[in-house]
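Okay, so chain A shows up in both of these, paired with chain B first and chain C after.
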Partner chain A sequence: MATAETTLTTGKQSIFRSSAAQKLLAFAALIVIFVVFSILSPFFRTPENVVNILLATAVNGVLALGVTFIITTAGIDLSVGTVMTLSAVMTGLAISIYGLPVPVGILVGVLTGSTAGLINGLVISRMRVPPFIATLGMMMIARGLALVLSTIETGTVKPIYFSDTPVFRQITMGSVLSPLLSPIAPGVNVPNAVLILFIAALIAAFILAKTVLGRYTVAMGSNEEATRLSGVNVANWKTAVYALGGTFSGLAGVMIASRLNSAQPALGVGYELEAIAAVVIGGTSLSGGQGTVLGTIIGAFIISTLTNGLRIMNVPQEWQFVVTGLIVILAVYLDILRRRRS
Partner chain B sequence: MGDLLLKMEGIDKSFPGVHALDNARFELRSGEVHALVGENGAGKSTLMKILSGIYPKDAGVIIYQGQEVDIPNPRAAQHLGISMIHQELNLMNHLTLAQNVFVGREPRGRLPFILDEKKINAQTQALFDSMHLRLDPRTLAADLTVAKQQMVEIAKALSFNSQVLIMDEPTAALTESEIEELFRIIRQLRNKGVGIVYISHRLEELKQISDRITVMRDGRTVDTVDAATVTIDRIISMMVGRTIYESSPEVPDNPNPEVVLEVRNLNRGAAIKDVSFQLKKGEILGFAGLMGAGRTEVARAIFGADPIDSGEIYVKGVKVAINSPRDAVRHGIGYLSEDRKRYGLALGMDVEANIALASFEQFVGPLGVVNDGKTRATAERYVGALAIKTPSIQQLVRNLSGGNQQKVVIGKWLTADTDILIFDEPTRGIDVGAKSEIYKLLNELAHQGKSIIMISSELPEILRMSHRIIVMCEGRITGELTAGEATQEGIMRLATQRSVMVATDDNSSANGARVS
Partner chain C sequence: MKNNRLAMLLLGMLLIASLVSACAAPVAAPAAAPATGGDAAATEAAPAEADAARPYIPVISKGFQHQFWQAVKLGSERAAADYNVDITFEGPATEAEVDKQIEMLEAALAKNPAAICFAALDTQAANPLLEEAHSRGIPIVGFDSGVDSDIPVATAATDNIAAAALAADKMAELIGGSGKVAVLVHDQTSRTGIDRRDGFVNRIAEAYPDIEIVNVDYGGGDHLRSTDLAKAVIQANPDLKGYFGANEGSAIGVLNAVAELGKEGEIVVIGYDAGAQQKEAVRSGVMAGAITQNPIGIGYKCVEAAVKAINGEEVDPVIDTGFFWYDASNMDSEEIAPLLYD
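Then we have the complex of A and B:
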């Protein structure tokens, strides 16, 4: 009987409380956006453009995966964009300037992100600096370091190119799927970047749902004090969550360097807001305790589809910012409505 | 009662500005329920938080199972078999019951960092079964009532194989029947040899459940006495260090027929169903019922804090539209929330600012400048009239005791010149001495012609204070009793008068001991 009673209550309330509704809503929004742009522009739905959208989603999506964990703990990370850039520059230094093998360069990039995240975590959990401020500081630090490091070779700020290592570009722009896909859809090139995004998403979903780290991520976001009183070392686990977020930024850094075939030290500002937007649109609650990887991926697709569509419609970039900003506010407002109802 | 399990001696603890514990001592045997009582700020919770590793002690020794132990953090306490169930429930709403029970020590799968969800659920189910709790481990914690959440917390504590279980005010939010259920589980644990520390303000309960009682005052241990032989009066006098009488004052018949507030056919979703009643001038109208009966919802609706679906509200015979608390205050209605810290006070502001908070217009000059002299004078007047114990009106409200905080809220609404005051659980978490002062204050306010609605879950309090009593159950008014005819049994009968459909639901509320 107890079960009957509980199913009854969950059945009634969880539609609004859980993020299922927002995920559904987000998915419907994605389809509507796609259909509208397809009608407005014949070029929009061409395979080449769809691949463009996929590519654009890949980097932002990987960033957003890391941010999903952090927002689920009721934290925030503003540094993911510039940490991504720093990681890209570090990869560039390792491969093109110090001539290290490509796999080592990739590792250097990813670990740069992990380290930045680790420092964020330590500053937040040990020094008790609020996440907003701590990661804002890291945002500036990473940006500055990326610029400084790019001057090592020539003395001036300039991109580092991967001209001697063509294989590096293949990491994101090659397509291991093409031979598999060619019998079904000839000529469609699904770049590796998209594959990486989906593998990263699967790993993130697994961590969130099945591992100790994921469980504590939700627990800390739901009630941090209770988690502490349950004997969980909250400081350490929170540090781990930020380090994980940083690791995803590091991976995104390697991906963007590979995609552009260069490490662009001035890039990165603004990426953090797009990542946060993707997470919130996907239905992860800013008040913590509720995170969804699938939602985040849908959110990332919404942002990149919209940006791509607006560009194709020749809407100036300045207006694209305005639209993205409005969507973020709308998504957060939906989150608030959802919480009010539960 | 078994062997000595635990002994705390010479415990000292200071917080900035407060000497919370001063050479405190406490002992616990296995298989005993040891009640720990004292006024707010006496140091009970602090002493137990030291025992459960939440605060470090400044001085003193803890001897546990014959050995001196050091308890630097909650995890160390858990390892020793010492668990504490806190006053504020500590479940994570977004996790399932099973996930809550095992947080921090989840059974792992083949790989050490992967959770074994099946095992978590199965072990929790076994645990619930052993306690005769009929709950599904996969339910989200957010979907349970407070009482059931508390049972889950006990289950969680038991899963540590706890030898010492500390309960801080476990019955504060429970109804009579839920308390019975809790006591059943406590006795079950005692018979298994667990030592239970039971912190409570409800002295009537102590004689029922505890074997020994330790009284604390001002951070010191006053004495430990046998529960069977001590009288409640004796406990109270040890707590307050003076003799206060707890007898009920005369409740006069209410001669004034003037209706100041009338509510007709109030409805809001499932929470409020067709509620109608009248409140007379100078009357204290008690609202009794179980948790979730809809009493607070009615109060909030009248106060304009929640929207209503339908219904009419008349103040002094005139129909009014109340769409926000601001409207309510304009019509002379004040609401004192059951959660004064969250809704009633700005804790970080001083006494003066809080008293003026609801009526700043009175104190603002033509240019929008606050007249400090006037707010100060008003605050001083109410601090005096309500006997608020505070070093000065500049003291932050955060630093006052619960009873004095409550008086500040009362002062705030008196300043706002409200004639209709709705008190929601006015004495929750307030110690005995302050309680009787609050009662006296309510009586005085009624004598002065204020009309009072008092929502309370403590039946003795309702019986003692009210001219009339309205009983609610599941959003409906199930009865109205006059002071003369009301008894605890009569109220409880009305408070459990549920509609047929939900009555089945009640059986499912996990009561192995009593199936209705």
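Then we have the complex of A and C:
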């Protein structure tokens, strides 16, 4: 703990340097995992399977982007998984039950996430409820509301389908990239979900590195009191960070609904932990003040590559959990070792 | 400041209280609605005066939010209306929450019910309470996975082993008696998960030596995870001829995987239970067919058996509620259509 705090106070330059090293480390780990699986199985290294891994990362990756901001402020968000589900259900209600145009439905879903995040932020910054508790509460509330809202049409809990709007599925499963890629890699179909993940990551990286919001996110996580004393309205900015995190959950909700072509009201529990794992593997420190979007994306890829590879190797699922758990601990331990040295 | 906070807390509690009281009314209404049916006016006044005299039967299931349980609930409500008894229907949020279910059973016993309908998540865990009920003369009726002891007077359930064996026979027939198949199950701990897996796997092992089961995996019934999981399995086994999804979520996962990999028609997909997506896939031929249980029948028969037990009538100890194979050719028949929920 003491070492963590010293690195945080050593100033801007070391933050950049250490996150660069972390990115490198995580990226090296991803490459190693990839190479090992490629040697072990010919089915792993096919272009189709790489696309599978990319696609399997999309939803968790977008969730993890939002969580990156929140963890960088030394906060936590346990509600991202069920807020995602709530957003999916709201999108379903808007499009399939109230018959609104698809773009409006998407906006409804994303804004549902923003609103849940905003409420998280207000509860944390104004009511002074610790983030863990506030978002735990929101996790349950969103889960309950998702189930309640799914009963609107028939009176029983049931998924909402997008059968009348085939275009909705194309949002994630269509491929605007295919025509561009076909000369280089014919037959490889990269779904839009992957494109959305990368665009969302670019936006997140821009916000974190180039905007006031991003700077204050890091500052609040490094030393909240000092940030407050230098005249920053910490309560407002923190609320904004949680609202931003919620917005990513909302986007993830639209994406999962589109990919499954249905809003599944019972889904989403456990997704928050996977997102947090991706962020942590990527080198964002739980004690705050240090976060990298690229790291998070790599972390998310490490998780889905492991899951995919172990499955292709036919490793029993019980052991897959064990391996993933070990990787999470190892990643954080390496991070601590590296910081001690520097 | 302190007063302010106290006032806010009180305000919050007031809000929650009003919300709960507002929600309580509409929740009670749908429960009564299917029961009253046509002669709503006649029965509307009845519950108030008959409350004391009507036997109370808590129905404790293994879940409530999945459509299967909603169908069981509907059946039990129909029986309650037909036999003029009061029921409550509840179940834990996931099938792993054995402790929550035990709490529900404790609470039910405290209300001194006339009988209890119970689908145990874990019989060992529930045994002390079941013995207490037994010693107090409260009959227990098992349903679905039932209760693995001598205490229940009857069990209304699907023979999952035989049902999954039927799926294996159909699979063998459709792939021509030889080749590779895979199985995707919801979990490896619940009775239905174990029985459906074993029913399928053992039948293949006994009767079809030329069929190889290359993978048995567990997706928790989560649509997205099941999808990515099935994709990895198909990727690792390019010559896979058939895939069995042992519950609704698993079957949808397999369907999504097959569709996303563009292998419609190449892989014989067999599902379990119903739901709009599965029904549509069967109708369009992407899914060869599926096993359906009779969830409404399960709910109805267990309450019916409980009523008989209360009245001291003879009850059949094993009530087989039946299962059926359905495909595009028979799914709209009079026998099958009512069993398929959306």
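As a working rule, the second predicted complex is superposed on the first by the 312 of 342 C-alpha atoms of A that agree within 3 Å, B and C clash if a C-alpha of one lies under 4 Å from a C-alpha of the other, contacts with A are read in each partner's own complex, and residues count from 1 in each chain.
The rule is simple: a contact is a pair of C-beta atoms (placed from the backbone, for glycine too) under 8 Å apart; a residue touches a chain by one contact, two chains touch by 3 or more.
Worth saying up front: this structure is predicted, and the values here are computed from it rather than measured.
Novice: Thinking of the overlay built on chain A, is A:Q290 touched by chain B (first), by chain C (second), by both, or by neither?
Specialist: In the superposed model, A:Q290 contacts chain B only, not chain C.
Novice: Just checking: does A:L229 make contact with chain B only, chain C only, both, or neither of them? Give me first, second, both or neither.
Specialist: Only chain B; A:L229 stays clear of chain C.
Novice: Quick one: classify A:R215 as touching chain B (first), chain C (second), both or neither.
Specialist: A:R215: touches chain B, not chain C.
Novice: Okay, in this complex, where on chain C does chain A touch?
Specialist: Residue positions touching the partner: 8, 30, 33, 64-67, 70, 73-74, 93-94, 214-215, 217-218, 222-224, 227-229, 231-233, 235-238, 252, 256, 260-261, 275-277, 280, 342.
Novice: Going by the contact rule at the top, pick out the chain B residues touching chain A in the complex.
Specialist: Counting only chain B, the residues touching chain A are 54, 73-75, 78, 84, 86, 90-95, 99, 103-106, 108, 113-115, 117, 134-136, 139-140, 142-144, 156, 504-505, 507-510.
Novice: What does chain A use to touch chain B in their complex?
Specialist: It is residues 1-6, 9-10, 13-14, 17, 210-213, 215-216, 218-219, 221-223, 225-233, 289-290, 342 of chain A that touch chain B.
Novice: Spell out the residues on chain A that touch chain C in their complex, using ranges where they run on.
Specialist: Checking each residue of chain A against chain C gives 41, 43-44, 46, 48-49, 52, 55-56, 59, 127, 143, 147, 154-159, 161, 163, 173, 191, 256, 259-262, 264-267, 269, 304, 307-308, 311-314, 317.
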